[in-house]
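There are two complexes below, and they share chain A, which is joined by chain B in the first and by chain C in the second.
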Partner chain A sequence: MKQQTLVKIKSRINNWGKGKADVQDAQVEISRGRSLAKKILMSEYFVLYLTILYLLVLTPIIPRLWHPMNIQNVLSNMWPLLVVAIGQTFVLILAGIDLSQTSVMAMSSVVGAVVMTSSVDPVLFTKSPLWGIFLTDQGGLMGSSPLALPAGILAMLLVGLIIGFLNGFSVAIFRMPPFIVTLVSMMLFSAMAIFLTKSENIRHLPEAYLQISKTQFSVVSMSMVIAIVLAIVAHITLNRTLFGKRLYAVGINTTASEISGVPARRTIITAYMVSGLCASIAAILYSSRLEMGRPTLGSTLFIDIVGANIIGGVSLSGGKGKVTWTIFGVFFFIILANSLNMLNLSFYVIDMVKGSVILVAALLDVARSRIQKAQN
Partner chain B sequence: MRKGIVVLFILCLLVPSAIFAAGAQESDQVTIAFCFQDLETEFWVAGHKAITETLRENGIKVIEKNANEDANRQLEQVKDVITQGVDGVIIIPQDGESAVTIAKTCNEAGVPIGVFNRPPSDKSAKNLVVVANNEVIAEAAVEHMAQEAMKLGRKVHPAIMVGDLGDPNAVGRRQGFMNVIEKYPDLWAYEPVEIPTKWDANVALANLQSAMQANPDIDFLFTSSDFLFPVIKSVLAPLGKWTTIDDPNHVILAGLDGDVTAAQLLEEGYIDATGVQNLFYEADLMIDAMLEAINAGNGTPDKWMDDPGFALTQANLDTRAEEMWGWVLYKERQ
Partner chain C sequence: MQDIVFAYKDITKRFFGVRALKEVSFELEKGKILGLIGENGAGKSTLMNIMGGVLKPDEGQMYLKGSPYTPENPLDAACAGIEFIHQELNLFTNLSVAENILINQFPCIRKTPLINKRIMKESCRKLLKSLNLDISPSMLVENLSPGERQLVEIAKALYSDADILLFDEPTTSLTAKETENLFSIMRKLKDEGKSIIYISHILSDVIELVDDIVILRDGQVMGGGPIEDFPVNRMINLMVGREISNVFPERTNSSKKKLVLQTDHVSETGMVRDINLKVHEGEIVGMFGLMGSGRTEFARMLFGVDPYKEGSISIHGETLPKRNPQESIKRGLAFITENRREEGLLMDSPIIENIGLVSLPDYSARVTRLVDSKRLYKRSNEVATSLRLKCNSLKNQKVKSLSGGNQQKVVIGKWLLKDPSLLIMDEPTRGIDVGAKYEVYLIMEHLASEGTGILFISSEIEELMAMCDRIIVWSRGEVMREFEREEFSQENIMRIAFRQELEDASEKRRWQ
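What follows is the complex of A and B.
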């Protein structure tokens, strides 16, 4: 009897030991799982993994997602958004924001079209303040000239640079909040674009200009080349140049960077000019695709631009952001919009889903920052 | 870890392709995408209902897309539905210019496209277009207004609430108004006042208020769309000018569309006339032409179809009211 009791006790002790080991194993597993989750969450490629997962989940539901024509649609929607989003990345790294990018697009497309158009309808434009000076029965300022295309594109880029300079100057020199500066500039230049054209679209742009969005060599389009070249230049600028390093420094702490000798004002002005320039390049891609200069071009795009950046992981608090993240963010955003369209959901549902995704991305940004702080 | 990512990526590319190949069987049901810019007025809501219901009654699958007044988004939506393999596309475009670009995209894909009630700004693309003869309809409505003005035995001060002139409908309506202005040069005390609306109620309200302050004697007002009657009422009522046709302070009023509000105001005697677009007829014309093109395998049909329309006035209200779509809906609601 005593022996039986002893065996039972021994067995309990053994089992208790095993149980303890099991618990320890489980704890190790959980900790490994948590650390993997943390690793994935903190990974630079988090959004890319998410996109791949999203595509895998959706593929059985939407087989046409991988149709060559749909891939072409996704890509053609992606390039102009990527271009304008890269410009926004520069400003976000500064802990700023550029709300005026949409108005830069509208103004650029109007100014470019005014320079390039080969004919306009007098019925529509006689009340425009541009009529008789920049617009006539014979078309735009350089409508019949072979230089219309380069002059038009140059004018568009100048518009972006000038508006960007005005924004940057106000933020850097007068120390005005970027939000209010770019909000006012958005209102001002959007209204100006509508005023100049009396809300009319300007068509009859040169064929060479329209080819910018149409030229296609297999899957490679002219828009793709422009966007990728811009992305590479922006990536090198941020990672390999002094300006890039200064941008991050100013974004993390403007005062500290100034004390350290960083020309913060010049850096801020340049970043806003880059943002304006990118918006005007995007205007070229969008307006050549729509075959017209539109005073309302891009008016609904702002949430897509900032949303793609936030989804990519570019921080609204500044000092954090990469061009590759923006590319992932734009890719995910475009795939999301495309797939929701392919699911034939209503417009309202699509916007609600997009909004929710941006909100989740912003929350993730906060979570990642906390984890990073804890690790440091 | 990196190897895992590469494997995942390759799987991501291969699996869907296999699934796509397996799921490539198409259904025999005809599918038509209906892409509209928005449904901000009664006319477009009724047009949307007429088209979608008629299509579904004919056993056709309808994919609906709302571009929320964004021409670029509408272009992307049309490209998406083409990818989905629709048999035809019907659009209400944001404006005449974007209609051309979108129609060209459909032409390239060999998918028939119909443009409903807002015609392309030129004929460079091939499309089915159903459009009301805006100039003739507006002229008929304004002619009735002029006849009423002549009964006053004095000159009147005319004004027109102009739509977005990027929309050929607005251009046609303005022209119909101007035709009558030119026809009776002795009837007008002043040049007509043109009040821009951009097809936007807020813009219309602000500009009408300004116009009435600058020209308080305006007593002959034509609105290019019936959806602006509530705006007109909100401006004229405080001035004591929102009155029935038998009141000496009455501003001679007419619009164009033939919507439910106009039907009610005609019955109550607040407005003199409205130009009527035969919405149900237009929907039938479009759907018949689209189905004909699909059945014939014609990917680029090119046909402009006119809705002659008419003016419903206080004079012919008893005999022709039932022909107005807004009247029918108004009576149904009652």
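What follows is the complex of A and C.
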């Protein structure tokens, strides 16, 4: 009697198991597809895949995309943006933000030109506060000297380091919110660059300086070399050095880092100085390409810098970011802008699309961290 | 069978194939307090989350007052009269007490969206009074002590007229007096016919409070029934599955006469007054006192996190610079803070980044500052093994996915990498399970035997008495007395720590 019941139950279990197995197979199929989608979404290279897909879709629509002239154009736009965006990555890892990078670029450009220019038009510059001391009929400070180039570049880099130091000092020592600190220094130094030059571009820069953007061996340009070297150095700094490790730690938990002996203040100041330095290196590349010191240099660039970082996956809440991500972000952003240009869309439409893409990227970041949380 | 208000029936839950609960069944009776105990990771939280509608069981059913109960979300649970009082309080510190209590159901003026503040305060005042809580409803929550906040949380649950209340480790941040008050309120609620599930690590509290008990281990019910049938030893056996004859390891007296730490007349207004103390090599010195007695504040000054006005601190005879944790670390100090999440760990980072954080400079090249991650990994791995850290991968697993005990081991590990000569431990066993506690004690004993001086801050007098060579008793920012091991007596230590308050409290209890 007992055994009969047992057999019944057994066969029941077996049948039930079979039915379930079919369902399970179907479920496995679905979940396999889903997990692949998830894998791609969660991959670090997601933005790169997206860029490639975007290029593939666009190729038949805009064949001109692959014209050598256009490729060169895309690349020459990409390198300086990459340089300045990498600087921003350092600050974003700290859960900070550097709004003043564009003003650093403007100030660097002006200061460098003031040091290097060989002649200025008296009609335009007599009203400038620099006239008579730094700028004369004979040009800038070092205008006629053979040392104009190194002095000019040094001055430009110093501008970035000093403004970065001021930002970092205010954030680290006075514990002011980075948003306000860098917003104010953006206003201050953007206005100062215009004030110093009375909004005039400074031309007649030394030929050696202009060569920075002109030197080119087929695809390899000087800007490219500078940007790639900088990216490699930044990558190693973030991943392998004491400073890099501490930067992430401070970005994730400042208090815990301080108690663990991390010099948090010094780390913060250094990060802002790196950001300023990168902005001034970008200014060197841009000014050389424009062949002038321009007081409004970079003024529309901020959204591109932060946008590229966000698209790459660098988190605004700190602790998360990689140089490779920034590279992918910049690459995607530049290609997006270039393709929209080629579709002959108006400036406003392009900005609307750019804005939407950044918004989607930010949303994606939220979705990814949610999936990750669910997996833990 | 009418008086069973809630029942779990064969609940099974898996996470990504890993079984968290297996065929869990037990019942909660009306007007009773049920204690739920188990090590961290035994499945208590999962069980509670299933009840609260946060998770869905894979198999099994729940019954609420006899009828099937399938909550889709936390709101369903609240509607069914089930309320949680969490370990980490869910209060809005920027809002007032009344606003917090009524956050889900503000009384409005007729049909306008305007809040009727008068009614709000009135109903809160009544509620607070019933909880013996003497605060104004318009007070901001950020100005309340942890104990008061806990009671506000309870008031919030009571306001929605819940029948079933879940308390998850409610006493971890409370003083003895506040705990006493909380227990009397819980008993009163029980007498009013509410049913309570009480989760705790503190077994003495469980014994004092509950009627029935359920013991979980690895997602299974190991035993349950009236509390009288479960003496402490049996509870522990069932929980950890191994015989722990003694919850504390044997202390060998290894204290040498070489001085590690000496403080001279350390004072800071409103914090501590005239602190003179010494710690020798291999000595475990306990610091006991109530919340706010100045122990933690003093530890922070010692380590250089917070400033102090007068006095000096010396390590191995050398004066320690003020407010400089880096210098303190260089001179051999280590500090395990009382809140691991906020001050101890980078929760979002992998284990290795946490363990390596303090000693990174020792592993980086002189000029390039490149970190030798291979050497660091090797050493971290050694330390993790010696601490018996349970994890899948040092490099890829984030600290936040570890259990409380293992998180604490990561904090300890990061300091061990530095070979400290004085280790300050502030409540190192708080919120970790019995097994992990025992391991922490073993680590302390081992370090002391190797000559490390340990300053051990704790609110659990039993562990201090078991582990320490001396106990320093604090009260209101002052050192009241030092007890040598021979003189240890729970009653005397308590009396000193409470000063007058002991009499007050006992009077109050009698009066209730």
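To be clear about the criterion, the second predicted complex is superposed on the first by the 352 of 376 C-alpha atoms of A that agree within 3 Å, B and C clash if a C-alpha of one lies under 4 Å from a C-alpha of the other, contacts with A are read in each partner's own complex, and residues count from 1 in each chain.
Everything that follows uses one rule, which is that contacts are C-beta pairs under 8 Å (C-beta built on N, C-alpha and C of every residue); 3 or more make two chains touch, one makes a residue touch a chain.
If you're wondering where the values come from, they're calculated on a predicted model, not measured in any experiment.
Once the two complexes are overlaid through chain A, chain B and chain C fit side by side, free of any clash as defined at the top of the document. Legend: residue contacts after superposition of the two complexes on their common chain; A:Leu50 is shown touching neither chain B nor chain C. Contact comparison for chain A: of chain B and chain C, B touches the greater number of residues. In the superposition on chain A, A:Asn70 makes contact with chain B only, not with chain C.
In the superposition on chain A, contact of A:Leu316 is made with neither chain B nor chain C. Within the superposed three-chain model, A:Val225 lies out of touch with both chain B and chain C [touch as defined at top]. Of the two partner chains, chain C is the only one touched by A:Ser260; chain B is not.
In the superposition on chain A, A:Phe243 makes contact with chain C only, not with chain B.
In the superposed model, A:Ile252 lies in contact with chain C only, and not with chain B.
Our summary of the superposed model lists a minimum C-alpha distance of 21 Å between chain B and chain C.
On chain A, the positions that touch chain C within their shared complex are 236, 240-243, 245-246, 248-249, 252-253, 255-263, 319, 375-376. Put simply, chain C touches chain A in their complex at residues 16, 303, 305, 325-326, 328-329, 335, 337, 342-349, 353, 356-358, 360-361, 364, 368-371, 373, 398, 400-401, 414. By the touch criterion given at the top, residues 45, 49, 52, 55-56, 59-60, 63-67, 69-70, 73, 76-77, 123-124, 198-201, 203, 286, 289-292, 294, 296-300, 338, 341-342, 344, 346-348 of chain A touch chain B in their complex.
Those residues of chain B that touch chain A in the shared complex are 5, 8-9, 11-12, 15-17, 19-20, 22-24, 63-73, 75-77, 79-80, 82-85, 95, 97-98, 100-101, 121, 164-166, 171, 198.
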